[in-house]
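Next come two complexes built around chain A: one with chain B, the other with chain C.
So, the complex of A and B:
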């Protein structure tokens, strides 16, 4: 009893902060998104019948999913192969360096290197095999955006997974080997019970972040379909603010689904963790 | 308990923000002598919210206006670079929160944004007649004194500058001079032309030229004309749709901002850029951003002339200093310095009859040859066309590929 009251007290500043800033902001967005007339959900109905919104949501989910998945795969691969090297600080710093760079700067770096008038294109043109460099910036497939996110988020994945890998009891691997496991089975039975839950959490963090981040798609995206945050910004400021309720409704919908997704994912992780712990005990 | 003090202080300062303000309102200012206002302004700090995306404009503000105000009136002048919709939105939030101590006093504004600010009561009031320079220097006969894109000004803003829409081409011997020729040029040079997203005033301005092009007579569209839109709106979009495939990236995307298009122009991805202010390329050429062979063309088929204004925020902390600063920016001295193409280089709003001979000579030597002769200038459209363009362009043009 004492400990729960104490932990609540310790949490109080954070809770207060959440209620003051996040809660208040959400409340304002929600109240602005409601329609004043008879049908108070009119803005939501209008939103869901808009093709622009659906195509925007589609491209956003696609970009967020692809970027997150590739970042996780690359990050996991780097961590697995290099975690012994990362015991020294220099290597850690080198791997985490891109995290120090703000997202919009990263986007400009991509422009510098990958745009049709950029560095790679110039190099390619100077080569005898005159091929034209593909369009990777402001392209309809959002490849420039995805490249930027991968470059920025892989170090984050490494940061999150590294402690896990350094904690793994590698004698388990030897046990596995002696029992005849190899390749993927070895990975699944030895590493995944540790790395899996963290990977799921990182997936959630990155996916939701990319879904809601503005600056990279604003710099490297296309006019149509624009990603959700870019569309929200446009609706927020355009046309004498008349589309503002629509922008707020869109952000509320996005927040709702982000929270729902977090809940489902964290619940699933909890369950599998408990199952695994229990399994360990009953075998012992 | 000590840990909680900062929080309590935070809460206290929040409530203090709502306290009564004791700055003078516009009626009080109107009854005062100008000398009294100038005296009151001395030693104060005044800030302006303005778009900060042009090096030349920033240089003019920092190197001409700020030092002059410091020297002549003992006012320290602060520039807050911010996009117009953003600072309006900020003022709106401040109004809703009842916050009377705004960060900035002066606003750089026009058209749609002015309407928005006026309708939401974000402005200080009708202050134009307080400024001596309105009488002594500014051309008060001009139509833009009374109406800003079809919106009644009501003395709530004063004109600051006048610009023409113009196009820049690189390495082009015979640049197009009418819209017809421009469409033809774009087809002949696929991928070399584009215009910014219409949420941007420059991109929007390009579409407004098409509206003028479709309308036989500028008179038809100067005021918002819904019947005309009904009948001719689709022709406007049809022109843009047929232009789309020959644009940069086959019209799959458009530059999000004018800066982005300028960048594409500077590094040679496109061969044309455009924008309000017929002299804007000069300082960019001088800095080496634009190539030497950049050529500016005003359309002989007509080019929109646009006026931009200075206004004051409802929650200005130093109204006296703001009035003095605005008055200075309308003075012949400041207006002539603004003509210098090596800095800003844009049109003045002075009445030549009110100036001394030397001042007139100086203006003539700076302005030189007109890119767009006055008789080819087209009137700016009613602000409601801007909204119409913003609301329909994406659906009618971009999505119709």
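So, the complex of A and C:
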């Protein structure tokens, strides 16, 4: 341990970057989203009365939520089943390989396999079964986007959960078993107190990331409804920059939404952790 | 017994889900005219790779991309290493607040920040050029670098540095001879993570680079819907190959560093 002053000296470049880039960027985005005239919230009013915005927000929240939830469930399942195997490096490499692949390349992999002229469609065609391959790419339900995100994010979930699972005291499981717990109760009382907070954190990271990401929906989405970042990018350059304030306002709304969610989730995790430390009724 | 089979089944599933698709991409790139409804290709052909390597634009942007990626990694080390060290072994006032602030670029859409910075960066003359793109790539990379490096420092006891200080090594020497060798695994993972994130940026580069800085992703997007699937597949393989190239670069510098350590 060393002094607070020296710590700040070491932290200075990072904090400076945060203020100059993150702080300033958010501040400027907010001030540019305000209207110069009497009613400074005019851009927001205009935004909220637009159907385009609401359908974009809807599709964005839906895609982010479904992708995150499925990635977490699959990732948790893989971690639970294989964490003892993952002690050796070659297994880790197999599961983490997709992390080396950029999102837009993952999107292309999905196109190669799932598009109407893709490989799965060809395989289905060669089988004697009747039936046409469903449209999964550039579809209004954003299934291609969701599949891409699951393929990319499951390894991330495993990466984050693995250290937790390798540190759980598994003697607790035996205790639970001898006390007559089984199945879900065992999971809830032995694993969840450790895995829960990390799961919540990963949920937050993935949900916010997918909500604000442009790369995949720009390739595999549809024009209407477009996901919020895609629409914002379009507005940002539209009509000689005249729609810029509207684009900024939309991203500010998304930012506000993300920050609010973060606070709620992190607060809930803190609370449940404190409750769990104290013991008491909650986990009885 | 049943458990063992589940494991074997799951591991092969893992292979088919995560590694096979990338191998498939590679096969696609060395075929010609492998189209629906053929399940297997007729002929193997290096045509797509000839197209890629004869394109001067791809060549140049390959260089730009690797240059930007490497500089972003170096800047990440310069900024994140001291910060992670301070957060792990130091005791700054308001540590929780600082750690929350550091999470901000993860918890806020970076697109909002980049859009807000666009005009300022134009005014400062750092938009539409490589410097601006490098700076904006720090945004999605720094939080992860700090996180990985802090976890690395957390595993090292502060006593190691104290011990070396008591036998009279300078602070700088204590860092390079005692701490850094123990930090190598974390430094390696942080480097590869940052490089891959920088390699994956399209929208930040497009906004701040203003179309003047052509990294590989900026060429990739117009290519995406092209009819020649083999070329797009080859282009995709290039993206998977660059982190490996970076890893080789990284391992050789680590090797040189270790040689230097032995000679001390």
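Basically, the second predicted complex is superposed on the first by the 265 of 284 C-alpha atoms of A that agree within 3 Å, B and C clash if a C-alpha of one lies under 4 Å from a C-alpha of the other, contacts with A are read in each partner's own complex, and residues count from 1 in each chain.
Here is the rule we go by: contacts are C-beta pairs under 8 Å (C-beta built on N, C-alpha and C of every residue); 3 or more make two chains touch, one makes a residue touch a chain.
Just so you know, these numbers come straight off a predicted model, no measurement behind them.
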{"item": "First, second, both or neither for A:173, with chain B first and chain C second", "value": "neither"}
{"item": "Chain B versus chain C as contact partner of A:14, first or second or both or neither", "value": "second"}
{"item": "Chain A residues touched by each partner, larger count belonging to chain B or chain C", "value": "C"}
{"item": "Touching partner for A:42 - first (chain B), second (chain C), both, neither", "value": "neither"}
{"item": "Partner chain(s) touched by A:117 [first = chain B, second = chain C, both, neither]", "value": "both"}
{"item": "First, second, both or neither for A:6, with chain B first and chain C second", "value": "second"}
{"item": "First, second, both or neither for A:204, with chain B first and chain C second", "value": "second"}
{"item": "Which of chain B and chain C A:52 touches, first, second, both or neither", "value": "first"}
{"item": "Overlap of the chain B and chain C footprints on chain A, listed as residue numbers", "value": "117, 218-219, 236"}
{"item": "Chain A contact footprint on chain B (complex, rising order)", "value": "7, 85-86, 89, 112, 115-116, 119, 197, 199, 249, 252-254, 256, 264, 267-269, 387, 390-391, 394-395, 398-399"}
{"item": "Complex interface listing, chain A residues touching chain C", "value": "1-4, 6-8, 10-11, 13-15, 17-18, 21-22, 24-30, 32, 78, 81-82, 85, 91, 94-95, 97-105, 107-109, 112-113, 117-119, 121-123, 125-126, 151, 155, 204-205, 208-209, 211-215, 218-219, 229, 232-233, 236, 247-248, 251-252, 254-255, 258-259, 262"}
{"item": "Chain A-touching residues of chain C, taken from the complex the two chains share", "value": "6-7, 10-11, 14-15, 17-19, 21-22, 24-25, 28, 35-39, 78-80, 82-83, 85-87, 89-93, 98, 101-117, 119-120, 135-136, 138-139, 142, 146, 158, 192-193, 196, 199-200, 202-203, 207, 217, 220-221, 224, 229, 232-233, 236, 239-240, 243"}
{"item": "Chain A - residues contacting chain B, complex", "value": "16, 51-52, 115-117, 135, 138-140, 218-219, 221-224, 234, 236-242"}
